[in-house]
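Below are two complexes that have chain A in common, paired first with chain B and then with chain C.
Then we have the complex of A and B:
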């Protein structure tokens, strides 16, 4: 008797969890799409869904973190473009070896994020404004460096990063999953990352308790930049080029996924697995559109609608409570 | 602690402010403040709204810095320019607005900024145990430590704030309680006063309040502020309400025991 009572309590508690609700919603969507088109549940299609969501997923992790901090980062897409251009140009010209080029590229992405963080924390300027400026600045930089041309002719060893597979699973997919697992663990357990929650929930209170708010914010934005850089490396490698238009609108998809996953614009909330499910859900819906031959323009309309609904419900949810 | 140690601590102030002044634009919020706080005593800080109580405790807790004057802690001159400095000295403040994180859970609220860690990793079990101990010491029962703090009752939220301010992290030496009974019912206020008395046996406590009855019940001495100045320092055993009120209003320069 008590056992059934306890298990029913557990079930109802589980159903309250954002992640469980999202998982169920995703399953429903999968059921609908696989009924509408037989091509959905095929190995090659699932592989392309997995590969397609990898970049969004890595970027969305950083976005989730800055949302927890009470900020947001609109410059992640441009960061991808600039980081990718710098990395691929270095390799194309043979200036440095592949690992060094990647190291420099990742450092650039980290520094772009750190600059965002420093301006936001030190000068107390709204993250929206700062990262909007950086979005334009970094994209412009990528254009200037290439005059809009592709950067191709990259070393084979670099291309292997994006194209390699382990047991039929593309290497970037495995890497992204590992990053999710490690980052989720660190966010929950490592004090330096975990302090994003009090800082985002109320920075003034956090400062009164002796937490170094500025340091937490700068590191958070730098980390978000670094995640964009990692996505850039995979993207350039997989597509065998650097291009100044890479990462367009990825910030919107990352924001949407993070908010669907439970992050809010008021800070202090966010879940890595929630974001993972948010990215998965968006990827599956988009894939459904592709399989059903819907136009890419309709995909944008639907993506935008989902984003607005997700944000509206998140804002409403936080007001009610 | 034996009585001679006790006696020594009584003689030497744990914290002194000498010539403390603070201006905000054209307003002199604190003007040449001199005061001493001793170990094992409860010092009531009294004054009308705008008298400078908040500015004074913010200077001690590191939220503001004084423009002039010095702070001596355990006989040594100290510089409290940020909250961390106050924490490290053992000056702990429970703020009137409680300064809780409404959307975060009880344990996070208790330990934010003073987490137990090993190699930078949170020791969640240890913190959970400690949280239970602290809350039961405060005679508070909270269903789950994973509850969001904003879902707790006012009294429970007070307990979390006091628990964090007093029992978590660095061993306290001076505890500052800013209006700890504000917004509480009679029963809960009694509970807070009981706790205050208990703390006053072990630590130096500054008790900021509007309620003169509460002040005379628990405090040994009171400092009355008026327009940013110390209007008087009173021995609570001898002071009467009229005297305190006239000092608070600044209508009479009745002098109590001077420091």
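Then we have the complex of A and C:
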């Protein structure tokens, strides 16, 4: 008797968790889409869904982290474009070897994020306006560098990063999953990352507790930039080029996914696995639209609507708590 | 005497920016013979007219402590809708009226969501920005809308007393909003509400109702800009107004409004608009590749905010609390 009571309590507690709710919702969406179109549950389609969500997933991790800090980063998409252009240009011209080019590219992405963080923390300016400016600046920089042309003719060894497969699974997918697992573990257990929670929940209080809020914010934004840089390397390698229009609107999808996954704009809350499920859900819905031959333009409407719905549910969630 | 005049002037406008604007204007006039001509003055004015009209609404929204990112998308939707209405033979007046009503209702929806969800206006209007532009793409399927009646072209191309009609409209709107903000009791609440919404609520002001008004004005002005764009190009295209919100916000902030609310004026915004219009024209005259435009706007936005914060800190010696500038509040 008590056993059944306890297990029912456990079940209801599990159902309260954002991750479990999301998982069930995703399963329902999968069931609906696979009933509507036979093409969904095929190996090649699932592979393309997994590959397509990889970039969003990596970017969304960094976005989740700055959301936990109580900020947001609109410049991730432009960061992808600029980092990709710089990395591919270096390799195309043969100035440096492939690993060095990647290293420089990742440093650029880290520095872009760090500049965001420094301006935000040093001058106490709303992250929104700073990253909006950086979004325009970095995208403009990518266009200035290439005059809008593709950067192609990249070395074969670089292309292998995005195209290699291990047991039929594309390498970027495996790398993204590994990053999720490691980042989730570090966020929960490593003091330096875990600080984001008290800082986001109440920064002034965190400062009183002796946490260096400035440093946490700067490093948080730099980390977010670095994640965008990693996504850029995979994207350029997979598509075999650098292009100034890469990563357009990825910030919207990343924000939507992170908020669906339980992050809030008021900071102090967010979950890596929640974000993972949010990205998965968005990817499956968008894939469903493509498979069902719906106009590609509906995707924009759906992405915007999902963002608003996610905010609405996030607000209800926090009110109940 | 002179200091008194300067002080009086600085109440109405941003002196530093005024000096920079006059300096840029002088340099351009001396350096480029085509710059200071009547024709180029018209090009400058018309090149930035959509942003100028939308900046008036954005000023009110920003003073009240909000922000509206959806204006570029409302501009597109309105230019497409007015085209579709005109093609459906609804007549010019009715088409414009319906378009403005629909634009205004998007602003209303923004305000209601901000009020009900208690979410930051950045996020809510970011959502409507995507959804509305997506909707504009859906109804046109990416094709331009063409075939407008001739009489409609007056709004974008006509002249009134030898001045382009949109410029006349902008001047009238600027004067009207200036008077409303400075000299009417209802609208001047915006400064109090923007600097301290909590206290305003305690004083019995209906902050939520006031927010409806600010966002409806902003969206209706974006709708007006959309109609003018459609009339200028005699077509409507889902790629109109991309990044318009960035240019508009930059103009308002450079003019001297504060994103934390409570500070700003129509006069300052008009100066910010004139400055950006001259910069845009100067870059073309000097043969700077168009790709630099995005870099220029992005860096001007960040630099102006940084300078504003720096001088405020120098003046008051007080740094903001973290809570005040991160997205938390509301």
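Methods note: the second predicted complex is superposed on the first by the 316 of 321 C-alpha atoms of A that agree within 3 Å, B and C clash if a C-alpha of one lies under 4 Å from a C-alpha of the other, contacts with A are read in each partner's own complex, and residues count from 1 in each chain.
Convention: a contact is a pair of C-beta atoms (placed from the backbone, for glycine too) under 8 Å apart; a residue touches a chain by one contact, two chains touch by 3 or more.
Bear in mind the structure is a predicted one, so any value in this text is a computation, not a measurement.
By the document's definition of touching, of the two partners only chain B reaches A:190; chain C does not. When the shared chain is aligned, chain B comes close enough to touch A:198, but chain C does not. Between chain B and chain C, the partner in contact with more residues of chain A is C. Within the superposed three-chain model, A:245 lies out of touch with both chain B and chain C [touch as defined at top].
Of the two partner chains placed by the overlay, only chain B lies in contact with A:269; chain C stays clear of it.
After overlaying the two complexes on the shared chain, residue contacts for A:308 are found with chain C alone; chain B is out of touch. Once the two complexes are laid over each other on the shared chain, residue contacts for A:207 go to chain B and to chain C alike. Look at A:127: by the touch rule set out above, it reaches chain C but stays clear of chain B.
When the two structures are aligned on the shared chain, A:157 is found in touch with neither chain B nor chain C.
Once the two complexes are overlaid on chain A, the chain A residues touched by chain B in the first and by chain C in the second are 202, 204, 207.
The residues of chain B lying in touch with chain A in their complex are 61, 63, 82-84, 87, 93, 95, 99-104, 108, 112-115, 117, 120-122, 124, 148, 150, 164. Partner chain A is touched in their complex by these residues of chain C: 67, 113, 117-120, 122-124, 126-135, 137-138, 141-142, 243, 246, 249, 253, 259-260, 289, 291-299, 301-302, 305-306, 309-310, 313, 319-328. Chain contact summary for the complex, chain A toward chain C: residues 69-72, 119-120, 123-130, 132-141, 143-144, 147-148, 202-204, 207, 213, 249, 252, 255, 265-267, 295, 297-305, 307-308, 311-312, 315. Against chain B, the residues of chain A that register as touching in their complex are 188-192, 194-195, 197-198, 201-202, 204-212, 268-269, 318, 321.
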